[in-house]
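Shared chain: chain A. Partners: chain B in the first complex, chain C in the second.
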Partner chain A sequence: MNRGPFIFLGVLIILVFSWTTVVFKPNQTVGKLVAILDDDQGGRLPRELQGAAQHGKEVYQELGCIACHTQQVRVAAGMDIERGWGSRQSVARDYIDQDRVLLGRKRLGPDLANVGERRPDAAWHLLHLYNPQINSQGSNMPAYSFLFETRKIVGRPSSRAMDLPEAFAPPEGFEILPTRKAESLAAYMLSLKVDYDLNEAPKSLETMADELAIALENAE
Partner chain B sequence: MSFIDNIFSSLRPELSGDAENRERERSLDSAIRFPLLSLIKSSLVWLVIATIFGLIASIKLHSPGFFADRPILTYGKVEPLFWNSLVYGWLFNAGLACAVFLMTRLGGRPGAPTIFLTISIVLWNAGVMLGLIGIMAGEQLPYAWLEFPAFVGPVLFIAFVGIALSCLMIYHARAYRSSYASQWWVLAALFSFAWIYTASQVMVVRLPAQGAIQTLINSWYIENVFGLFLAPLAFATILYLIPKTLGSHVIGYKYSACAFWSWIFFASFSGVSDMSFGPIPVWVSSLGVVASFGLLLPTTTLSIQFLSSLFRKFSVIWSSATARFLFAGSVIFLILMYYKIFGSLRGSLATTQFSQFDSGVDLLALFGFAGMIFTGAIHFILPRLLNKKLPFTTIVDLQFWLQLLGVMLVSIGLISGGVLHGELINESTANSIAVVGALKSGFFMTTLGMFFFFLSSVCGVFTYLTILLSNRVEAERNTNLLHEAPELEYTAP
Partner chain C sequence: MSEDSQIKNLPGIDEGQASDESIVKTHARIRREPANASPVLFFTGMALIAVLIFGWFYFRRYMGGEENTQIYLHERSDIALYQSWVDRPRGPIVYDYYAIGEDLYTKMACVGCHMPDGQGKPGEFPPLVDSEYVVLEDSTLPTKILLSGLIGPITVKGNQYNGNMPAYGPGLKDHEIAGLVTYIRNTWGNEAGEVIADEVAAVRAEVGQRPQWTADELAAYLD
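Coming up: the complex of A and B.
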């Protein structure tokens, strides 16, 4: 082992081997998936992000929400289904549209893969972003009040103004409006739902029951 | 020397060589003084910055109102700022300082073009700073330890290649033809990082692979930064410093080649085990578990080498600060590997996945193992580089105890707190707010630990400034006053 090239070669062989098995091979098997067209489930699967939600994803990435929130549902371990965080295992095809994937590694807060289904109200999300203590008392999520602006009311109050409870309301004569970033982020939250089934994913109980019923009908 | 000879000598490392007079070492040190001091200086500055970010991040977990109105210091940004300044700022600079020092001393001939090396170091630190500013400005990428904006990647890569090439030139110019285990570890670390950084930059940042694969590559990268870069540099440092501080050979040195190759092999696969239950093929994470258990072999070998050498001269640990850092680092290495190996099992992950446990183990690896070793080495390097004695040894002692206390508090707070966290999020349906409530004490403990880290980093800066600014006393001016152990690396045990 007295020569650099020998060590270089050995390390290179090991690393290439590791890269081939751990990175290249999985990339060949589940890294070249395409979207599915299924008219029964409403067209293209997975669903594409639209307009404001696409911008909201960028805001999510910019603010580093991924530090505390995952977007993946597991079936083989954990209590994700029991908690109502999803109805089936997340699979690779669910993420094919994300050029910057937001799976996440830590859950200091809840999983958000299906938050749009759990909390379908944009106003709830805006209040939660403005100050999580309003509707999640005791949470350690920081307030994103910098995504909102306080404005003096001139004439009539804006229709977009936040409807805040007494303790969080701005001083008399002022109103609080969400900025475009806050609105996009709320739109992104609403868009987060995995409400379709894929053949490779372990299915939800309802779909399996439906399929069984159809199969039984056909058999008769 | 043929290829076959090399293979044989890798199985039975050669220790024959020659011991030269002491004058040579002084000239060696003076040849690399400037770049080495820049590395040490930047590592200390980044350490202070990193611990401040870490303190802010950990306070935010129990008091979310802290700095909440500052968009650039929101938790989602402070967290990556902390990890990136810690890894690329502190540990890379400190680790590379050890690498440059070891390569020069062991090679026995100054070979690095000082200006080239210094420019690379400046470029590296400029890249890290740019990356941190990018994160603050909201350009961060959602990959752990790869959050730096895409344009920083090439800067860091070029800078790293510059530093690595300088180390290779030092190695190439060496006077002693036989090589010591430290040199293998340094070479492996330099080759590996250049490769894994390229692979992850290309496949995740530049031409992103499809969705879930990005996370897989991310896991592979994180584990390899530790397993194939930071840990090898720390091993190299320990193997070099044990003979120097204890004055005796490394016990079981002949098993070094076995430990070396098995570590590189298994570590390169072990990172992917944390993708268990996720949207990737199951066999990939199973491979990670198998590889993690393979790490038992090199872990045992290395621990026996380090700890039995240190226990044989246990009295030195009380008198030499460097030996104390080495001892603490070696013990923490064993604890760390216990968590890493058994934490990779699917049974453990069913509890600890997505919890604070991972951060706890990572901080144990960074602060507890690599950090301890590099800090000890810096206290060894500085007096030799400047030919002065450490002016305030009490401060060095204080730094040691503060850092050890910090490691203990943070790892208890995050590892046992993480197990509790995991039990609550993975094995119960307690709502998120109840989970946060249960974790409060762990969060406070982490804050306290981070505060100790901050104090210890201030001690480090203080030591650096005082030794740099103090005047040489008469004895230091005209003699080579630091008596070192003879060159045990090149004599047969």
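Coming up: the complex of A and C.
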């Protein structure tokens, strides 16, 4: 009853199969993706994170935003485009610059792949982080007010002080300032936008049909 | 089986009672065993093969294809629409030159010297408004100045200037130069018509790499 070779073969097959599907094939298909240079769409695609947004991404990771927010727009399944979360499918090339790909775990909150396009105002994001009830009433997102600093006004109020509605305002003589983390996070939110087209990324069927019709019309 | 069980003299485990006949019979039974036990193996094997064949077609249908688009689009009609969308004719790009120029005029250094109102700074930088170097029939003169820069004494609208304008040709693309020239020729009351990227490309090819212009060199082009 020498089953050694049989067991060896079985283990080998399992290892080779998982290595092929988990390591080899993905490396073949998405591992070699490179950025695209397209002057008509503003240079390098996907766009690179600039300045404070880079730090903001670290804050985003640190605070665990991925537990509730995704960064992926899907065409085939769901209603992402109808909800206004983006205009096209997110594809692998959108993520090639990220060493940690923040696809997210769950969608308790809205998808953020295009939040910079929906909400292009940094002040909106700061208010939202300070207390989501200010501008998203009924949201179940916790308040990240620890990213802000309450300070006694000495002399003139700071130009960076938050412009809060009365119900959320600090007591008389105090002002609330965003810390560097909050500002970086807001900068990161503004940088999240997929405002370029990629050939491999389909849009919604209606958009593709419209663009095709316009292109054919122009060609004539 | 039933036949075997009726044979009373089968030895069991008692070797002493074994006969040639009983040994042959017992061995025959042992040899027969695997063949009787195999239906499970047979159906499992068949099911596995069926799954593999199904999987092959399934992956071909939903995971293969150029650029892996079938991950996102499943209906054949959708994939066909997507393919024709990818292959749609892309016409020549239509630039809004004035808007490009308006944007660049403030983004680039232009606005710092020639000022937002195009009047320049008296005694330092010449105006663009109504300037004989800007508002003329042929657009090549302002294009040349923008491409290669301008240095030294120059008389604009009767006033003397002695400045140093750097060359913007290396840093800006043809359509951006065209946008800026269009903008300065059609703003603040100037009306001298549009310049397009092809014209700039032609001037760029003609001028090539050269040091900054001087007013003497350009005098020939003035109206």
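Convention: the second predicted complex is superposed on the first by the 189 of 220 C-alpha atoms of A that agree within 3 Å, B and C clash if a C-alpha of one lies under 4 Å from a C-alpha of the other, contacts with A are read in each partner's own complex, and residues count from 1 in each chain.
Simple rule for what comes next: a residue touches a chain if its C-beta (ideal position, glycine included) is under 8 Å from a C-beta of that chain, and two chains touch if they have at least 3 such contacts.
Fair warning: this is a prediction, and the values are worked out from it, not measured in the lab.
Looking at the shared chain after the overlay, A:Thr29 reaches both chain B and chain C. Of the two partner chains placed by superposition, A:Pro157 touches none, neither chain B nor chain C.
In the superposition on chain A, the chain among chain B and chain C reaching more residues of chain A is B.
Of the two partner chains placed by superposition, A:Pro120 touches none, neither chain B nor chain C. Once chain A of one complex is fitted onto chain A of the other, the partner contacts of A:Pro165 are absent, as it touches neither chain B nor chain C. Judged by the touch definition given at the top, the superposed model places A:Gly51 against neither chain B nor chain C.
In the superposition on chain A, contact of A:Met79 is made with chain B only, not with chain C.
By the touch criterion defined above, A:Leu212 reaches chain C but does not reach chain B. Once the two complexes are laid over each other on the shared chain, residue contacts for A:Gly42 go to neither chain B nor chain C. On chain A, the patch touched by chain B and the patch touched by chain C overlap at residues 29, 74-76, 89. Interface residues of chain B, counted against chain A in their complex, comprise 1, 3, 6-7, 9-10, 13-14, 60-62, 64-65, 68-71, 74-77, 79-80, 135, 138-142, 144, 147, 168, 171-172, 177-179, 184, 187-188, 191-192, 195-196, 199, 203, 208-217, 220, 228, 257, 261, 264-265, 268-269, 272, 274, 276-281, 284, 287-288, 346, 349-350, 353-356, 358-359, 425-429, 432-433, 436-437, 443.
Those residues of chain A lying in contact with chain B across their complex are 1-4, 6-8, 10-12, 14-15, 17-19, 21-23, 26-27, 29-33, 61-68, 70, 72, 74-79, 82-83, 89-92, 94-110, 132, 136-146.
Those residues of chain C whose C-beta lies close enough to touch chain A in the complex are 67-69, 71-74, 78, 81-82, 84-86, 88-91, 93, 173.
For chain A in complex with chain C, the residues that touch the partner chain are 29, 39-40, 74-76, 89, 199-200, 202-203, 205, 208-209, 211-212, 215-216, 218-219.
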